[in-house]
Amino acid sequence: MHYLVLSALLFSIGIYGVLTRRNAIAILMGIELMLNAVNLNFVAVCASLTPNQITGQIFAAFVIVVAAAEACIGFALIIAIYRNFAKVNVDDINIMRW
Amino acid sequence: MGISPIVPLLIIVLPFVSFIICAVFGHKLRERAALVALSLVGLSSLLCLLTFGIVALSAQPQKGTIIQGIWMCIQIGNGKSSFTIPLGYIVDPLTSVMLFVVGFIGWWIMLYSVGYMRGDARYHRYFAYMSLFMASMLGLVLANNFVMLYICWELVGLCSYLLIGFWYEREPAMRACKKAFIVTRLGDTGFALGIFLIATITGSVLFYSIGNLKGVFTSIHDGSVKQNGLFALASALLFLGAIGKSAQFPLHVWLPDAMEGPTPVSALIHAATMVAAGVYMVARCYVLFDEHIVGKLMLLGNSIAISPGELVAHIGCFTAFMAATIALTQNDIKRILAYSTISQLGYMMMGLGLGAYSAGTFHLMTHAFFKALLFLCAGSVIHAMHTNEIFEMGGLKRAMPVTFATYLVGMGALAGIPPLSGFWSKDEILAHAFMHNKFLWAMGEVTAFLTALYMTRQLCVVFLGEQRRRDIHPHESPPVMLLPLFVLSFGAALSGLVGTPWMNLYGKFVTYGEAHVEGHPSSGFVMLISLCASITGVLFGYRLYGARRISNHFEDPLRLILGATYSFLEAKWHLDWYEGTRIRHAFFAIVNGCRGFDLGFVDGFINLVGWVVAYVFAYLHRLFDLYVVDGLVNGVALLTGFVGNVLRLIQTGLVRHYILFVLLGFAVLIAFSMWRVILLAHP
Amino acid sequence: MDELTVLLGYFASEMVLAIGGIAILVINFTSPNVKGRYLGYLAACTVGVSAFIMPWQGWFVFEAQLVRSTLRPFFSFCLSPDMYATYFKFAIAIGMLITILASLDYVEARLNGVSAELYALLCFATLSMSFMVSAVELITLFLAIELTSIASYALASLDTSNPRSVEAGIKYFLTGAAATAVSLYGMSLIYAFSGTTNLREILNMQTEVGAQFPHLILVSLIMVMASLGFKGALVPFHAWAPDTYEGAPTPVTTFLAAASKVAAVGLIARFMIYGFSESLELWRPVISTISALTMTVGNLFAIPQRNIKRMLAYSSIAHAGYMLIGLAAVSQAEIDFMMGKGLLERTDVAMTGFLLYALGYAFATGGAFTVVLAVSHLLGTEEIPEYDGLSQRMPHLAWALTIFFLSLIGIPPFVGFFTKAFVFAGAIYSGLGWLSIVGVLNSVVSGYYYLNVVRHMFLLPPKAQSVERTAPSTDAALLIALLGTVVVGLLPNPFLQWIRDALNGVILMLR
Amino acid sequence: MNGGAVWWVFFYALSAFTLFNALLVVTGKNLFKCALHLMLVFLGVAGLFLLQGAFLLAGVQTLIYTGGVTTLILFAIMLSEEVVGRQRQLVSRGVSIGISAAICFLGIALTIFGTAVAQLPENYGVHIAPVAQFVAEASHLPMGNVRAVGVALLTQFLVPFEFASVLLVVAVIGAIVIARLAGGK
């Protein structure tokens, strides 16, 4: 239970970061926070609800792998953005709309 | 004696008819609109008094006699997943007292308005709104189920919004009505959630069982609905609604600003009746605030436990104290009264929260009388002086003797001078507090002292001394305004006598269940302390303000005494989180959506409500005159524009907004489907 | 059959795709002088072969059920390569085939430097979408969605020298990552109440949980919907779609619209019915709301667009909404049928319509984008006013586009008519009359912007007189799309039979 | 849940540490410092994993997140910003919207936990799939053990495990394609 509350808090912080930051790197950091919160959830549930199963841990491990892959693509994208726009401020990356 | 189902129906329908007439034919009736409203509402008020009389005289009022009936049932869905909403009325002692208060005081205030509003350009519309208000307030009181309660609750709020912004040309009035609307909406959201929750748990929205329809309170009370932790949550959510409507901390911020409306409105809505709706609701749902029945409210995984009653009592007590201190430093005659209203509502909440069911509602009744009286007097003063600043008045005792005399009665009642009404009801609450929680009691006594102090301050500054503005020649108000003052001052003076410790008629009449028959816990000690507090307050106030000459450039002596504290109080404890803070902007930002501030969704919504009511109803006849084709063309143009705006709203091209959209959509979907879950969970 | 045969049989088409993708990379690495075009042909062959294998694979799996294999449970726990999956894999592969064939010219002209990576990523994306529609386990499901997403992010921003493409990529990526995080949270909730990640077991668990805590199931479902809806560009998770569709290289847009979306709706339906049919009454309103919103927003926003890619983006959003009608209207009998109990009645057409819609949509949208790609390559424009007089310059393109649009509007005898008729009828039979009314109104609205393009092509004078010739590969793509649109429309019966088997086959692996 | 007072002390200390650093990550003004705080968050989470007996996961977390992702972030910062430029001064926009959304989510989550998850019985998911049972038996060791995870990955979760490798390949290809200079083919 405590873990779940902690993870909800961490997730909220992540949401806040994602919504308020303008720098793409900082937004990505917020997303990483959210993913970590999810992992906490998985591990805690795994330990308390299914003590003789490790599915939750496996899930968390996969989440970590995926997060790493995502971060890899994400930072590549950021570098591409920087080359094209000379900044990584997502509010200014706004050619297309409406 | 029984009551024919047609009587409660008429009580609600008559003012509503008056509203329709005044709204549709108002421009033709002009001044006669008042006549229509007064007669129809008067009829309804008479029926209210009749109902009160019947209930009061019936055989066993103290057994909590409940007369109720159903006009019609609304079925949502069919078969197993259907949900019934029985629309009907309920008349028990509490309701009958409320009917009496609302009907009686409401009518006199409407009479007063005839004089006060004379010459206003939107005279008829004023009476239309007032009628609508009476209809919905009476409906709120008579409601026998949560749905009807909620609808009337919102209608009352709408009327309040319309009447605060009645002089919408004035910028402050416009701001104040928006503020009231938004702030109370925060509470109403909780209220709605609470109702949903209750409907989920019990599968019903009816208050008390009738026939084979299960009632919420009945089934909770007799234990046929299993106790679970959600009840306490539900009552806390319901109380959130009361916090908004009854202006409790922290949603109290709208009430002082609501004084921008016409003074009779302040008297009726923001002092006597509407703000009491929250108190009434808590009293009505009292089962849900009973710790023995609903248990405690668990927060954050059971780490904090508080019973709903304690929550109510503490918030009430804090509100009472805070508002009283703020009232000390205000200079606007109506604002002082507004803060005192907040403070007194806090008393009522405190009483209810401590289990003093009858004391809380008793104070509601007496307060309605003297606060209406005080506001009407203030209106009379404003009418004469054309200003709200108390330091610009002074010496009105000679010019307006009748107003002064009645004001004195009201002030005495509020300050708690025996044998005026306020003393008895406040004493009863304090006696209960003394029994249950010494700390709350002490705070209550301090507040009583402060109450006496600020009322004396106001009285002295306004009526005593010399007249400070020489350019105005005040005169007494016309008889049509004085008559209500007289009547109400009788109420304010005498209504307390039905609940004295020695002859507690009221306490026997309005009780909560049989198990909780409570006497007036007459404690001589408490009464003595209360008396001392009031008297000290009055004397202290008179010494500060009455004895010395108050000049035009007068430094408030309290400022010298309190020093920095005074500025703190004058700034309303810096608690007006709505004005000039980020929160207000946040609120606007959220509803304005992704486009930020330039497309006012709130404005749009409020304007929409305004249009629907003010435009569609009041100018219905004009719409008839227009060609239907014209309307259609305009409508299509409007729709296209709307779509265009939404389009711009959503596709901003900003990733941040896209992400927000994902989260927002997720939240909206959850909110939407919760309602369906409720229907499914309890077929 | 020995175990190796079973294994190969289960994953034949996936293996073809994986091998094809790797082969493209290896060839590009070892002999950099091979033209991008040939890599494209290789990719087309790979996808085409896998599409061809697909229907037989379904039957193979059906037969292989009878074989006891020690390997089987390990796969069936995570993936269910059943008839339902193969049906959707077929639709996806067809969409990809059209995409690759149509984009050969375009890629050669504009993306030559990255053609190998493009084709390889497309192959891998097809592979991961195959996994998406056959996932029966949250971890696999999540990984499949993520692989598709990551491939799509990379594809969308492939044209790194073009700011629009990069912008499309970063918008897609950031929104997607946030949606993923939310839906992962939802999955953790599901895991919390069920203690398992297998959809079948989740289904068993929720009977008791659902009675007590319906909101728990609902909240977690809606959270997971964030990611599924993101892939399917459903309102309100659609905001990325118009910008990404417009900014991404057109072949990638085609892939996103024709294949990725089909995979997403296939996944949503499987997830909802397979894992949560016990809570049908809980999610039905959610799905029908999303469906109504998606249709309406997509169609209304499509009206004022001038860029045809952006218009088609909105239109494809709207079509996801129509498809969801089928899911929202699923009846208990259909669920029972899919769970291997009971038979279909005459009125149980919602899911049939849903599956047929996915296929018909893949054909028609793939075809429409083929035309857009050809015009973009030949005339160098994507603005609708530039389509003026296309019927005189390239009549076959104009006629083909008209047919695709007619099918998308839902005009008989093209496949779009039947698909819409099925889902609307299903909605009416399930008591969702309002939803079908919304759907019909939306079809009318959609006619406006589709026919507007037709008006430009046929009624307005051309701005230039030059007549261009399309490449054979484009013609092949057009032919496939046209055949699908017309033949399925005229002879729907074999397909309906296939769909019936597919629905019945959902459950085979789990018996 | 788990253990005695010491466990709780560790838990609260680590929670506070993690949350504090997380707050700094989202509110800090300097991008570089934010990245370092993010690293501390990752470490804190790894510690919390340890408390739940998830040893392998804690290790993976430390290696991949703290070692890999953080480094990646630092590289991205250095590649995309002037190292001492003013651009690294972060500005937060729409703070109110952010707070509201966060609180909204928190409300939903806590309500769910308070009303539902907390009331689910312990050992709720003990009846498990036959395959899962097989894995549990195959490991013959208490949970959290590295070997159990390994066995599960190679039996029950073989398909996702293989699949993850495809995912990594695709991610690497994608990243290289996007990040390489447009001119330098």
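Order of writing sets the labels: A, B, C and D. Residues in every chain begin at 1.
Please note the rule applied: a contact is a pair of C-beta atoms (placed from the backbone, for glycine too) under 8 Å apart; a residue touches a chain by one contact, two chains touch by 3 or more.
Everything numeric here is computed off the predicted structure, so don't read it as measured data.
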Middle chain, criterion being Cα centroid separation: A
C-D against A-D, pair bridged by the larger set of C-beta contacts: A-D
Centre distance in Å when chain C and chain D are each reduced to the mean of their C-alpha atoms: 31
Between chain D and chain A, distance of the C-alpha-averaged centres to the nearest whole Å: 8
Centre-to-centre distance between chain C and chain A (centres being mean Cα positions), rounded to whole Å: 26
Centre-of-Cα separation between chain C and chain B, whole angstrom: 56
Junction residues of chain A, two or more chains touched: 1-2, 4-5, 11, 14-15, 18-20, 22, 27-28, 46, 49-50, 53, 55, 58, 62, 66, 69-70, 73, 77-78, 80-81, 83, 90-91, 93-97
Residue numbers of chain D (touch at least two other chains): 93-95, 97, 99, 101, 105, 108-110, 113, 115, 117-118, 120, 124-126, 128, 132, 157, 160, 164, 167, 170-171, 174-175, 178, 182
Sequence positions of chain C contacting 2 or more other chains: 139, 143, 146, 150, 153-154, 157, 160-161, 169-171, 174, 178, 182, 185, 189, 192, 195-196, 215, 219, 242-243
Of all residues in chain B, those that touch chain C in their complex: 81, 643-644, 647, 650-651, 653, 655, 657-659, 661-666, 668-670, 672-674, 676-677, 680-681
Interfacial residue positions of chain D with respect to chain C in the complex: 108-109, 112, 115-117, 119-120, 124-126, 128-132, 134, 155-160, 163-164, 166-167, 169-171, 173-175, 177-178, 180, 182-183, 185
In the complex, chain C residues that touch chain D: 18, 25, 73-75, 77-79, 113-114, 117, 120-121, 124, 127-128, 131, 137, 139-140, 143-144, 146-147, 150-151, 153-155, 157-158, 160-161, 169, 185, 189, 192-196, 198, 201, 205, 209, 212-213, 215-216, 219
Contact footprint of chain B on chain C as seen in their complex: 170-171, 174-175, 178-179, 182, 214-215, 218-219, 222-223, 225-226, 230, 235-237, 239-240, 242-243, 281-282, 285-286, 289-290, 297, 300-301, 304
Interface residues, chain A side, partner chain B - complex: 1-2, 5, 15, 18-20, 22, 27, 90-91, 93-98
